[in-house]
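The two complexes that follow have subunit A in common; it is paired with subunit B in the first and with subunit C in the second.
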Partner chain A sequence: MNAILKQYQAPVWNEPVIMEMGYPGRRGVLFAPAEPEIRQQVGDVSALIPSKLRRQDRPALPEMTEPEVLYHYLRLSQQTLGMMGISLFGTCTMKYNPQINEQMAWRPEITELHPLQHEDTMQGALEIVHEMDLMLRELSGMDQFVFQAGGGSEAAYTNCAVTRAYHASKGELEQRDEIIVTIQSHPCNPATAAAAGFKVVTLMLDENGYPSLDALKAAVSNRTAALMVTNPDDMGVYNPEMKEWVRIVHEAGGLAFYDAANFNATMSKLRPREIGFDACMFMLHKTFGAPKSGVGGPATGAYGCSAELVPFLPSPLVVRDEGRYRLDADRPQSVGKIREFLGNVQVVLKAYAWTRAMGADGIAQASDISVLANNYMEKGLLAIRGVTRSHPEATTPRMEMTRYSFQTLKEETGVDTHDVQNRMSDFGMDPLWQSHEPWLVPEPFTPEAGETYGKEALDQWIAVIRRISEEAYSNPELVKTSPHNQAVHRLKPGATDDPESRAMTWRAFQKKRLRQARSGTDQMRAVVD
Partner chain B sequence: MGFIVNPLAGLGGPVGLKGTDGDDIVREALRRGAFPVAQQKAVEALMRLSTIVPSLRVVAAGGAMGEDAASDAGFLPSVIHRPHGVPSTRSDTISAAAAMAHHGVDLILFAGGDGTARDILAAVGDRVPVLGVPAGVKMHSAVFATSANSAGLLAASFLAHEPATRLRDAEVMDLDEDAIRTDRVSARLFGYARSPYERRLAQNAKAGGGPGEDAALDATARQVASAMRPGRLYILGPGTTTRRVSDALALPSTLLGVDAVLDGEIVGLDLGESELLRQMKGHEAHIIVGVLGGQGSLFGRGNQQISAEVIRRTGRERITVIASIEKLIALSGAPLRVDTGDAETDAMLSGHFHVETAPGRRTLVRVVA
Partner chain C sequence: MQPPTAHPYMANSVPAIQREMLDSIGVRDIEELFVQIPADHRLARPLDLPPALSEHELRRHLVETLSKNSTTEDNLSFLGAGIWQHHVPAAVDEIVRRNEWLTSIYGVPSSDHGLYQSWFEFCSQLGELLNLDLVGMPVRSWGTAAGHALRMAARLTGRNEVAVVRAIDPERLSIIRNYCEPPEMADHIVVHLINYDPATGLVDLDQLRATVGAQTAAVYFEVPSYLGLIDHQAAEIAAIARAAGAETIVGVDPISLGVLSAPSDYGADIVVGTIQPLGIHLHAGGGVGGFIATRDEPRYAGEYPTLFISIAETIKPGEYGFGRALLHQSSYALREKGKDWIGHSVYMWAVAATAYMAMMGPQGFAEIGEIIVQRAHHAARRLGELEGITITFPSGFFKEFVVNFDDAGKSVSEINDALRAEGIFGGHDLSSDFPELGQSALYCVSEVHTHSDIERLAGALQKVISQ
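Here is the complex of A and B:
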């Protein structure tokens, strides 16, 4: 673990907003005037646009040459703070996304696909969707998958919609209006339950780092519609009592949903259905090697369930009949659409390519490596002054990630987790991920090693934290005023939330600046500077 | 910033006394060889504070009541009140705090225990924000930071107007010390101070990060109020959380007392046990309470009027508990406490309780006696 820290300095361009750039009359492309014959035939082109739709003024676009535009965006890309180096974002399962999979997703068979074209003309695409379904069935033990959801939260919402339809079919929906979650479940579990109209009952953790069976028993009743639980949870803690949990929920008449957001730790080791779960969710853009792409997708939440729930799944389903694939939309009990058409098929394709390339053995090995790598990191990180672990007394091992705390560091030096985050970027390292809210552990951070990075990269990450801890104890101001080697300095807390100093569009910016110029304040100006 | 040290706080603990309120107890503690820890804790907090806001103007009580610790930590305090004798007394704390409020300080930081918090509250009420450096033997009040260092950091971020640091109503509670020394526990709620706390946010850059606990508590209170049914007696426990329910009903309320509502009307303010039992006759009774104090008390501390008998006659399933999720998280996994003085009632209340944290949101929290 004696990694040498890299010298790093981000480029600083002080790049203006593109709307402030350009010179009058400059153009990127000059179009030849239309030939006289065409002009004669067509007449006044602008007259073709109905007068009410025609704009009165010419658009106020920046006047620039093509290379000027390219340089501008190149410089902006050089000032990107993340996704440039080692990126150990807890709960996001950052993986390398092979170039060849990207290339395949850009093939015309995918990009030119029209969602309304006849199924006979897209047998290949449907085959990929169906094969992915089969592989996920193998990994989960479920009976059918659907890929409509454009992300994990939509898959969780799919589960709430299916839960609603299931209880409605039994005439119990009115009575069963509660969904049980844990305080360290994937935050979209309570959020989607509430969005779907359920009341949310949250279980707190006990000393072992997961809720007790007693808490669950106190929570279930004839009002229980479902349990939604993430395991391992948001802190990498695996609850070993899941079979009993599912039994208790089933006994009360509820459904059990396994949010496998953190599946990397357990893929190929357990099947949610074998534990007893009725449904589960995988994130193809995390666990299955399609790009996480920061936040914003495109992503796919693969939702799978038992045969009993299949009638309620969104439509259409891709099914195979006598060697042919077709879209089955004749499903009277279906919850309908969660998202249009088949979802993000290009993401399914990338996940399919990844899964086929890995194979069963590769997936098992990836899981082993991610757990081993996290426990290796834990050894290194806990040896650093000011770093502690959540639930230090718990004996259950941490799986693919660990929740740590800088509370000791903060109390002893004044340096908090935000300061460490900022300072990390000075080493060309992607800033650490803290924790979902609410912060049960103060000053949290949660690296997830994954299987992508080599031991050297993990050592590098640990070495950066060790260095920052040393700096915090010897020169805390250095850390508190960081970043120093970055494209930008630290944002002033609070400013980002003040609507008067923020604008999402150029027009809003101009309007607010004008208003402030009139009132004699100049907050908008400061943002551009 | 105003700064007060109760030099005798924490004196009783190490020598087996449960507090140092009263001259006899102080003399007994010193005779048993007690060492004043408040001074040391106070310096620790101020040292942490001074690294962040070194130019802070500190207004301190004289000598061991603040001036010494502030000087040790590198500040040049101006002295606003000199204690009349050694050791200083409660009236010195009250005079110093009142003078600080008059002076216009932004915050009173004090090192002490529940007794000190109570004296400062008596002097300044909710006019000046108050934060405690934990140094006492008893700390049931919610005005204390988790450690001396945390107190220093929290005071600094509040004084620096950090957006993640907000003010909340914090219970000031204190035990009846005569009772505790005879092994009978009885804590009272004396009032609410405004006290800074740090919201735990993923982005400290977020000025608010959402509406926060006030909005959640108000919405919960409205929901609880709208769920009330005619013919039922609703017993509202003390505190600002339950006062939100009264506010939602547009009814008057007492902050420290127990009030009762029937058919949308107040049928009694600041009721004692016997009055409650009388009101309950012929009605299905419901109890609505908040979580009191920094230690998370449900029954028995601060709301003794809702006695074991009242609870027993109401029944466990007719008790509604309201608390913000922030307050539950701040307990760091510790259970809620019941201490009704009746073992059977305590046992009945033990186990997991549903706590209303927002409309349509409940959290299960463990309750122990």
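Here is the complex of A and C:
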């Protein structure tokens, strides 16, 4: 666990905002004008557009050549750490995004495929979607998957829509207006439940690290529409009473949904349907090797459910009939659309490729390695001054994540988790992740080792935290003013939220800067007067 | 049991290194680390998945599977209806595929400075096209943007009805209905559909006036409409909404904004739309993306469900960086009390779109808009000359128009089957979603369609119809 730290300096390009670049008249891309016979036939363009809706002004976009634009963005890409450093961003299951998957997904057979083409011309894409569905069924025990959701939150929303349709079909929707979550359910679970119109009941944790059965029993009633829960949670704690939870919710007439955000720990070890869950979701951009792009996407929340809920799934479903794939949209009880078309088919392809490259043994091993790596890191991290862990008294090993705290460090040095985050990037290390809200553990941080990085990389990560702890005790200002080796310094606190200074576009920035400059001048005048 | 060889994606799949790690923490076997999971939760057998493939085997398998697709590149396609074929510059593809931001998880503003700046530049450039100062980071699609915007309007006004045009993408309408919640829910938003005038395809203002009232949170319409039309009554529609104290929400295709007015200039309060035409391929439907934009007023800013990126000074005087703004009102911070919900979206497409907009510049948008309008009108007129074909709304559209085949004695489905045999993808069949339009299809013609393409289509249609 003794790694030597690398010297690191991020590229400093001092790149202007693109709105300040270019020269009037320069062009980045040209289009062939309409042929003379077309222009002759249709005449003046302005006659074809209603005069009231003809644009009068020129949008103030930069005027640049192709290489100017290309190199500007390549410089910006160089000022993005991504996984070039070591990224152990907890709950997001950082893992390698294989290049072969990108190469295949960017073939024209996918990029130039229109989703409204006839099924006969999309058999390859539909086959991949269907085969991915079958593999996820095997991993989960569910009966059908749909890939329309463009991320985990949208899959959680899909679950809420399916829950509405299920209870509506029984005439109980008006009565069943509550969804139960735990304080450790990802924020998207309560948020989508509320946006779907449900009241949210949140269970708090007891000393074991998960809510008690009594708390659940007190929460369920004939108003319960569903339970939405993550297991293991983001602290690496597995709730062993989950079968009983599902039974209690079912007995009350509710549905049970398993947010498999943390499936890296349990894939190949258990199947949500066998625990009793009616539905689950997998993040293809996390567990299944597709890229995340800055918690940005395009991503895919694969939503799977039991046969009982299949009629309510969004449409269309990809089905196989006698060796041919087709889109089934004739589904009268379906919730319809959550998002346009079939979902991010290119992401499904990447996840399919990852699953085929891993195979059953590879997937089982990835889960083993993730849990081993987390426990390995835990020993190294808990040996660092100022670092503690949630539920310190618990004796069983955590799963693929552990929730730590810098509270002691903060009390003793004034350096908080945000400072450590910034300082990490000075070592070329992707900043740590803290915790979802609310922070149950003060000054939290949550590394997730995953299966991609080797022991040497994990040792590096630990060594960086150890170094920062030493700095905090010897020279806290160094940490509190970090980063020092990055493309830019840290932002002034509060500057992005203050309505006087925040500017989400260049045009807003220009106006506010001008206004501030003016008021600055006014103040100076007032002083002079 | 260990597989015989290490896996290329897993550095710790070497048995000896696992042994080192286990020894270091004093654990004999990895299985001991799973004791939290009760035995009766465990899967009792190994997973039954297809055999693992080497990279070469995987490549062959995927190439073979994908070869069963026949694309808009192999065929001459006139499909649009929510996702459209436009030219994507090669430089845009090179930029968007960079591993640095592809693999990023967002770090902190300084460690992912380049990604944050590119996001800010996306919002800034879109703001110029829209003439709006407040642009959120993309949402997952036009439909989800419209759904969120209608919910914003309901919160802003405290009202629970919306007027939405009938001439709308049925997929988008279905999403809107989900976002507006079923009637059983306490916060259900009633959706009133506003018809279009069957003669012109434009919004029926009389019905709009009769529908909009004290309970109306928003009026939602689109320019161009789903049927392709540029509704010259846009300012009147916005005025009707404003008079009733409702928000005007306009959906827009931004590639039209070099020639069409920015919606805020004719009265839009909230503008939503697609970003797909801005340098993003079709990706079998995975190219869709949406946006929400408004005036920069706290009243609006406080209701966005999106992520915002703000430019801001750093602690070094004179230096600027970019950071997330107003995160405290999102569901990340407030869970069920947040504004709708936030999560993975399509931010890589923001990177593509910002590169695209910068390459286009003001002149690129002006020219592409003119070329599209010319090519689309020419195509419509050319097809309208054919026996059995009528162009339902013959002028005043952008890149899509309705082609009616009632007099051809054949259904759209039959015609499209025959066109497909000629290597042509005909327009999207409207006959089931818009039965009042008869056997009609929505044809899309953009800058990529040449005069000879239209001649080829016309020749094929003539042949199909006369058969």
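Note that in this section the second predicted complex is superposed on the first by the 460 of 529 C-alpha atoms of A that agree within 3 Å, B and C clash if a C-alpha of one lies under 4 Å from a C-alpha of the other, contacts with A are read in each partner's own complex, and residues count from 1 in each chain.
Keep this in mind: contacts are C-beta pairs under 8 Å (C-beta built on N, C-alpha and C of every residue); 3 or more make two chains touch, one makes a residue touch a chain.
What you see is a predicted model, and the numbers here were worked out from it, not measured in a lab.
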Partner chain in contact with A:Ala194 - subunit B first, subunit C second, else both or neither: both
Touched partner set for A:Pro272, first subunit B, second subunit C, both or neither: neither
Touched partner set for A:Met204, first subunit B, second subunit C, both or neither: first
Subunit B versus subunit C, judged by how many residues of subunit A each one touches: C
First (subunit B), second (subunit C), both or neither touched by A:Leu491: both
Partner chain(s) touched by A:Pro447 [first = subunit B, second = subunit C, both, neither]: neither
Which superposed partner A:Pro483 touches (first subunit B, second subunit C, both, neither): second
Contacts of A:Gly386 with subunit B and subunit C, given as first, second, both or neither: neither
Partner chain(s) touched by A:Gln117 [first = subunit B, second = subunit C, both, neither]: second
Which of subunit B and subunit C A:Glu437 touches, first, second, both or neither: both
Residues of subunit A that lie at the interface with subunit B and also at the interface with subunit C: 190, 194, 198, 200, 202, 436-437, 491-492, 495-497
Sites on subunit A touched by subunit B in the complex: 183, 190, 194, 198-207, 211-212, 214-215, 218-219, 410-412, 414, 416, 418, 434-440, 442, 476, 491-498
Subunit A partner contacts - residues on subunit B that touch it in the complex: 48, 51-52, 147, 149-150, 153, 162-164, 200-202, 204-209, 325-326, 328-329, 333, 351-354, 357, 360-366
